[in-house]
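In the two complexes below, chain A is the common chain; its partner is chain B in one and chain C in the other.
== the complex of A and B ==
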């Protein structure tokens, strides 16, 4: 099955920031979570992917097609929710539906109305009167109503209360049950990504530190709790991060670099991310 | 492309209603002058009607930037050329609609005022030539500025628009008076032809600017 997204050697340079030779692959039918602190380059990468900003170098393939040549056509099959949803403030449901109906060939009015009801979105209110959570829900409803094969979600679960976030997560999960459907999602809420994603990509200061299958990461890495002296005996290559405390030291380690019998506990994606970023810093 | 035109129409209806009131006031003034006071049809209000209506597409850009539509639209299946072109096409639609309605009102003023005559009709055509030029002028001047600074709230884009708006307003006063005194295919016709040429140049420039622009 073809990859949903292939990014090779992507460079975007600003005065004070550089997205530096990013390689990223989202296999078809999978969910890839993009994790990074504020200003790491997640949104810049997504904007480059969608042609909202121009890249300096590199190639981007979406759903097997060259984004440089066919971007507008590709977007028929891509549902996007950005941090700012980008719907005119004065529009109501009727106007949004009218515009989208003429924009997407596969726009499904009944599905859109279904999501409006499901998310409890009012049809008679202007978009500017919506709360942040409602605006995000509207963005998600639009993205899911035109038979997209790929969803690109930039902080799309921000502003949603935990119950709706859980509901939306289930919808995304349901979406990828069709093996042709894929999702690229960036979020600060790592727990959401941990629950949802098949692949995880860490991005830090414009560089991709890691791009790996989630289960492989969770299998490969562990948290070691021990004394400082015990840690010194380990192969430095096996240690990916450390945190000293009152009662000893906690370290992110590669399981295969640690001798049997040491106190290892499973790692979460959030811990993995924090340890790695702190080690670099 | 159709979706962009629908979006422009919805935006105009929802945030530029006041612009639609302005022509009614000027039509009223035109009728009052010609029907009750027996004056000749004045070029200035006609130019103002076309100019105000021509300002609408550029004004919608403010709303777009505030609501981040300029980002949202780039996630949709449109090319940058189509996004720019929608603005120019809507300007043409508005100008044609304004032309039809204004021509109707002017003929009515003539019919119920001095009476329909060949010279009266020629006066109307001359003024309408000038009106078309005035209607295209805001888009010619403001749209490249808007696309150069698309995504900027207030600041330089609005400042330049206000300055250019003043310039166009001044041009209207000067041009329409001159056009009325001239012959049928004189300054009004030349002004219209020049505006049409500039309109297409502006269209191309806006496309080039927006293709390079990072939103």
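== the complex of A and C ==
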């Protein structure tokens, strides 16, 4: 199966920030979680991917097609939810449906209405009267209602209460049951990504630190709790981050670099990210 | 492109009061035509200048609500985004012209004013809209400050209206009569200017980062 997204050598320069030779791959039928702190470059990368901003260098392929040449056509198959949903203030469900019906060839009115009901969105309220959470739900409903093959979600679950976030996460998971469907999702809520994603990509200050299968990461890395002296005996290559505490040291280590018998515990994606970033800092 | 045009049409329907002033000006024109038997130059033009703000209202509203970003990831190219706006100008200009023609035409019929004058005034209405918007829209795309351009264009519109009404008031009305033939030529020229403006806007917008 072809990759849903292939980014090679992506460069975007601003005065005080640079997305620096980013490579990213989202295999078809998978969910890729993009994790990074504020200002890391997640949204910049997504905007370059969608052609919202121009890139300085690099190539982008979406669903097997060159984004530089066929971007408008590709977007028929891409559902997008950004951190801010942009809909005219005075529009209600009827107007939004009318516009989207004329925008997307595969717009499914029945599906849109279904999501409106599922998310409990009022059909007779103007968009400006929606709460932030309701606006995000509307954005998600729109993204899911035109038979998209790829969903690109930039902080799409922000502002949603935990119950709806769980429901939406289930919907995203269902979405990828179809092998032709893929999702690129960026979020600060790492626990959502951990639950949902097959692949994880860490981005920090414009550089991708890693892009790996989640299960491989969780197998490869662990948290070692030990005394400072014990840590010194380890191969430095095996240590990817450390945190000193009152009772000793916690270190992020590669399992295969640690001798048997040491106190290893499973690592979460969040811990992995925090350790790596702190080590770089 | 169709989606964007539908969105703009829905926006117009929800903001019909923007048209009310222009309709009022056209009615004033009709009343004067009916009473004097002559179409007053300038009032229709003033209405057109007021309507110039409409396309910039669309763009300003899209920037304010973030719909511009929604458009950016919709299956519509940048060229089509600009094309939709220019087509909307033509459509609104034509529709407004027909309404103005109808209203002033009634007044002309009552006042036995020549049909040629009515047609000329209507064409000048469309010429004014097209030329003014053709000048403003590339600026909006270049500076990305549609609110500022809209305010400036509105101020200039009002200024031009005031100046033209002062000129006419001083009895220069006879000298300002525009024949039907001249108006037709000016309309064709305005359409050409609009086409050139479109090409400039497309080139500018292609290089623009939407956010």
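The definition used in the following text is that the second predicted complex is superposed on the first by the 281 of 281 C-alpha atoms of A that agree within 3 Å, B and C clash if a C-alpha of one lies under 4 Å from a C-alpha of the other, contacts with A are read in each partner's own complex, and residues count from 1 in each chain.
Keep this in mind: a residue touches a chain if its C-beta (ideal position, glycine included) is under 8 Å from a C-beta of that chain, and two chains touch if they have at least 3 such contacts.
Note that the structure is predicted; figures quoted are calculated from it, not measured.
Engineer: Will chain C clash with chain B on chain A after the two structures are superposed, or do they fit?
Structural biologist: On the superposed model, which is not a single observed complex, chain B and chain C clash.
Engineer: A:86 in the overlay: touching chain B, chain C, both, or neither? Say first, second, both or neither.
Structural biologist: Both partners, chain B and chain C.
Engineer: Name the contact category of A:24: first (chain B only), second (chain C only), both, or neither.
Structural biologist: Neither partner.
Engineer: Could you say whether A:197 touches chain B, chain C, both of them, or neither, answering first, second, both or neither?
Structural biologist: In the superposition, A:197 contacts neither chain B nor chain C.
Engineer: A:60 in the overlay: touching chain B, chain C, both, or neither? Say first, second, both or neither.
Structural biologist: neither
Engineer: Please indicate which partner A:267 is in contact with in the superposed arrangement: first for chain B, second for chain C, both, or neither.
Structural biologist: neither
Engineer: Name the residues of chain A shared by its contacts with chain B and its contacts with chain C.
Structural biologist: 47, 50-54, 71-76, 78, 80, 82, 84-91, 95, 98-104, 152
Engineer: Sort out for me which residues of chain C touch chain A in the complex.
Structural biologist: Contacts found on chain C: 2-7, 10-11, 14, 61-62, 65-70, 72-77, 80, 207, 209-211.
Engineer: Can you check the complex and tell me which residues of chain A touch chain B?
Structural biologist: Where chain A meets chain B, its residues are 47, 50-54, 71-76, 78, 80, 82, 84-91, 95, 98-104, 127-128, 152.
Engineer: Touching residues of chain B toward chain A in the complex: what are they?
Structural biologist: 2-7, 10-11, 14-15, 63-64, 66-79, 82, 212, 214-215
Engineer: Quick check on the complex: what are the chain A residues that touch chain C?
Structural biologist: Residues of chain A touching chain C: 47, 50-54, 71-76, 78, 80, 82, 84-91, 95, 98-105, 152.
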